[in-house]
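Shared between the two complexes below is chain A, which pairs with chain B and chain C, respectively.
And now, the complex of A and B:
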């Protein structure tokens, strides 16, 4: 430090005229000028930053109303009150998960984007979320995380992928046979005909309770298919909605406008065993060909009535914190990538070229040269993220729906809730503020150390 | 943390913002002979894979924002029955009606102007006050200078949360609570440590000979500050201005506490709407874009300075 002072201001000392009076007057003048330059900053920092820290520390030893000194009670309560411990635990998850993911993702993208021509455009795109507010980002993700796959883009994709892999037999969760005596429910949730049928027969299975929005657009009237006769050794029929829109239909009969239900599995059961399976077409037809003669029962298996896969409940209590961390990554990955990219650009090209010449492959170069050389930058990204993540507020506040606010709460939201948002316990609120401050003290010390080192 | 790396850069270096600096050209590797066409093909292939992967990532990054934008152009009814991607099949259903509707709501328009009325003075004040202090810390001699500056460095990471309660009491007794000046003052105070740090470090890089010469010529400190230091410090001041402006423009927490209904900025006005999510996406989506437009324009107009500012200011 003293080195800086000497370095910076040697001129003044020597150039002022000798003689005690003018010199001390000049010194006083210099002090006054300095004070003039500093005064606004010192006033604001003193009254709005330094004083509040002292005030909060003091206030944290008093009760909610501020009248009674309670010692460290607020601090012990912090770790006992379930809502507050939940917030502390969530903040811990944030601090562990987010920096690791952010640094890793930034590193991968920075290295990969070095190899493309449109790197500048890519970086610009990735960096853009940094310019917008957490509030806007929160709204963006609140919409994207919407649970209904018809509206939330994430669940629309999840359901799409799920259905592509697990077959798309459409379930009609609310459907049930029109006549529960002819097609009674089984214990496992399936429905089986009471009467047996044989090859050469036709059997129509009428269901009701399918709301119009669940009926696929492709569904066609079933009457024609129903009246088609079965060939020899064939067992066929339709599964249809036994309900005529606007009335006029007869229960148990396929009326002209009544539609078939496509995509349902129909099973032929003999002696309690499923011997054949068919799937209904758009007009509801199912056919079993070449069935050995005998008596069969027709069964609509439970999966016909299973709830359609609805995707993941991103904003539910169990996934809310990971979901919000995802939104956070969306905002900050550009920062991490650009910072690491700047570090990459300043790596000694010779070392990399030499390694390549020696026949090292890209992975070896990455692990043995790039990452170690980049470690200071990676450290910066990591520490920066840790500090930022401790203070995360807006995103949690906006993305978590009211009922799951508790499950998503972190230190900053809890502190806000306790002191302003209805809790009105300023003692505990101040203690939480002090905790936040204590948590960033290591970063503070690091800053000071770096600074002093850079000056010496 | 980035501080010493980015903020402390000398004037020349700061012009090269990381984002725009294309990674020092990976010289189109003089195709080493002897590897044969197989190696060449493998390289092309892996390059194609990388391109595809980054394209996918870019697409993923674009989708959520594009989704909200599409939603903002659809009617409330469309939004409640189907996803925004359905609009691609019926582009005619898109319109700016939601925006027109929003601009008719006087409280939203008021909130927009409040945001301006908070952001502009908060930015100007931070820059002016920090430039004064930064000059004093860099080039004026007074007792305890280095210790005071260390306190400023320590304040870099002080979370705003610690100030909310005490300052709201303080403002309450001063009659500033719930007013725009209160919000501005709070922002200025918590923006100062970083601003002073950035400018002090930048000013300190000015060659000493220049200042000495100016002092020899009898220039007052004020004259040196305005005629020499400020013009030389322009790049750092530009980065700081943009960073601080966006910081304040995007803030919600501070305004949530210090602003009342008449002085609330757009972020606060919109967050009250989020409490009935789902039913009013027709207000939220265009509102979010209204609040986005200014930051995005600033971002694209001043990318270089913005990236620089964010890089240096990430510690906040």
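And now, the complex of A and C:
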């Protein structure tokens, strides 16, 4: 800032007396007046833009304390730290995906909205998210993306659609055998008895971990059914809850108050193949009649323990960036649509008419005439979005939960985290800021050039 | 440029202080009235009920001494706010600092006045020496701990224990067995708030403090032993026994990672209980009674975090320490206020209002209004010098206190795959080495 002041002051000081000719004096005065008008802007720009940039560049060559000159160490560290490279990669995804989608969506919507009756109402509606702050929008989407279908509207929808097509297949997901050694878990999530049984035997399968509120009201105590002997050629037993509420039950035995679990599938397996299936009754009884003699293993198939469909993990590490980009599109599509719509309205109608007269169909008109004529506007939207996307911060910070914060991080969040949010290394933070600046500069230059061209 | 800003701020600050001091004195006060006409400005992070209750302590002090008191809320970021207030010439006289790391930072910057001999003696007689240790930086005693937190409490619903027919466990292994029985009865045992990394660091610290002992704990807290030390791996393995059993953690680790701390309490004490137990500090009690309207002692109980491997049960703690700022204008009155805070009298004022535990050994247990708080306070005082402060609070923020990185993130990854204790220790050491270096 002081640099600007010094540069301006001498000019000011030299203004006072002498000047050779009236004409040159007038020219000098004009120069001074214009300088005087420029001064406030120069001061502001100098102190608020130029000085911070130069300071950051300088700061990026010092360590965390700001006392020791470390050369380019911060820059090399930046590209070695996996968290930062992840942020760079995410920023790249943002810059590639978001502007393309935003311009494309805006174009499609703008063209379509030209053809509908309620175009103004539609545009208004699309534009409305722009009136919501990023912070509020972030909170909205954070809730919308919640995994629990009771809370997250998107998962409520996916679960609804899923269940409508494949039916509700809820079993007892928390249930498991009381003794995992006699009934070990199989790879596919089912449980199979370790010992084999043959027709004429009885076998009781004890499960635990069933929430009392999930036990059907119809379930009855299983003790009586368990002691019933098997008929000839019959293999029977009960599937029961091997836990006496309040304690006192004996594991592995059907205690008097312990109830059977109705509606479970039980399979008889021979040589790895399921040969017969039975379903448990209200007291937990299952029964295989007329089984050919031989050794069988009893199996409780995976579907007995199937969890209700949980929907999509929007906020999980793999989908988090696309999810946040989705939220970003929701906010900005209206903007790009309105901008492109304005460009569309100013297109020369005669070109379109001429094309129609020559027999071009709508798609050809769109591709060969509308898009090329619109390209300046599309360019502006595209480049503006690129710049905008580089600095995206609030959405990422708010939508990504703690454990996936690192998977979602972009350059701007990383820069903040490193310099203020705990890292307290403003040297590395400044280096990240400089990187961000370098990445934005080409887009800026492009925009300015385009602006100049359109002015001339 | 900088000078101009400072100057303007000072002028502004002076103007503001002048107006702030303009109020009249309270004449109804009784007692010694030695400090009549003086004002003590006290800054702290407290808001809401806590602020209201602390103001009662301030009022009691005014009544006793005649000094006027003023509470200045700082918001969460104490060090930034106090820093700018000092720079602006509007420094409060006393600050209640919420973390030992902040206390250290203040002392290192030379902002603090050492406690007077009188306060030191008074505190020495009524507090376990460990509290003095945590208030001391470079052999100078600066911070007087007034309010303590007890972070070794496991909260449970008596209903789930009755249903399972179990009693509160006395050892870690017993706790695993209890948890298994509770889960067998159909209630998932623990709700773990893994979306908030700090709950996981607290889990680890309790196990480590009990298993490895206070000396090792101190060494690890100051990073004079590396995180790859076998004791760390052992503690992680012990923790992994619980985290790794999907029957013990409600919904398994995937759900735990989607559950934040308030949700984990709601899962146990909310309207639709999903688990039987939740581990966290004494503040869970406040949440239970304040937000879920359950009666402590009846619908919600706690047991102390049990001892690991037959060692002593851990008491991980923390607290708010009162410090006197050098930049404050009323040094004498401020020191008198700290002297007052060191007395059981001051502690009794807040204890009566509730939501408060004091490290003061002279405070009578009857001062606490409910049994649960009394039990917590007794456990804290009984632990004496084996109390240790939250380790992650003592670490640099980049390691122990930042969302999505450092210890928080690494322990979240550990919750996801609890079998890899060695790899986790290695990652912790790498992150710690970096953070302690800066």
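The rule is short, and it goes like this: the second predicted complex is superposed on the first by the 271 of 456 C-alpha atoms of A that agree within 3 Å, B and C clash if a C-alpha of one lies under 4 Å from a C-alpha of the other, contacts with A are read in each partner's own complex, and residues count from 1 in each chain.
The working rule: contacts are C-beta pairs under 8 Å (C-beta built on N, C-alpha and C of every residue); 3 or more make two chains touch, one makes a residue touch a chain.
Keep in mind the model is a prediction, meaning the values are calculated, not measured.
By the touch criterion defined above, A:342 lies against chain B but remains apart from chain C after alignment on the C-alpha atoms of chain A.
Legend: residue contacts after superposition of the two complexes on their common chain; A:44 is shown touching chain B, with no touch to chain C. In the superposition on chain A, A:429 makes contact with chain B only, while chain C stays out of contact range.
Of the two partner chains placed by superposition, chain B and chain C are both touched by A:401. More residues of chain A are in touch with B than with the other of chain B and chain C.
Contacts of A:271 after superposition: neither chain B nor chain C is touched. In the superposition on chain A, A:229 makes contact with neither chain B nor chain C.
Looking at the shared chain after the overlay, A:388 reaches chain B, while chain C stays out of its contact range. In the superposition on chain A, A:359 makes contact with neither chain B nor chain C. Once the two complexes are overlaid on chain A, the chain A residues touched by chain B in the first and by chain C in the second are 1-2, 401-402. Remark: chain B residues 1-5, 8, 18-24, 26, 29, 47, 50-51, 53-54, 57-58, 61-65, 67-68, 71, 79-85, 129-130, 132-133, 135-143, 145-146, 148, 150-167, 169-170, 185-186, 188-190, 192-193, 196, 204, 208, 212, 215-216, 221, 225, 246, 249-253, 256-257, 267, 270-271, 274-275, 277-278, 281, 284-285, 288-289, 291-292, 295-296, 298-299, 303, 306-307, 310-311, 314-315 touch chain A in the complex.
Against chain B, in their complex, chain A makes its touches with residues 1-2, 4-5, 8-9, 11-12, 15, 30-31, 33-35, 37-38, 40-42, 44-45, 47-53, 55-56, 59, 109, 112-116, 119-120, 122-136, 138-144, 146, 150-153, 156, 330, 333, 335, 338-339, 341-342, 344-345, 349, 356, 377, 380, 383-384, 387-388, 390-391, 393-394, 397-398, 401-402, 412, 415-416, 419-420, 426, 429-430, 432-434, 436-437, 440, 443-444, 446-448, 450-452, 454. Chain C contributes residues 1, 162-166, 181, 183-188, 194-197, 247, 257-258, 260, 396-398, 401-406, 408-409, 412, 438 to its touches with chain A in the complex.
The residues of chain A lying in touch with chain C in their complex are 1-2, 64, 83, 147-148, 174, 176, 178, 208-212, 214-215, 241, 243-248, 315, 400-406, 409, 417, 421-425.
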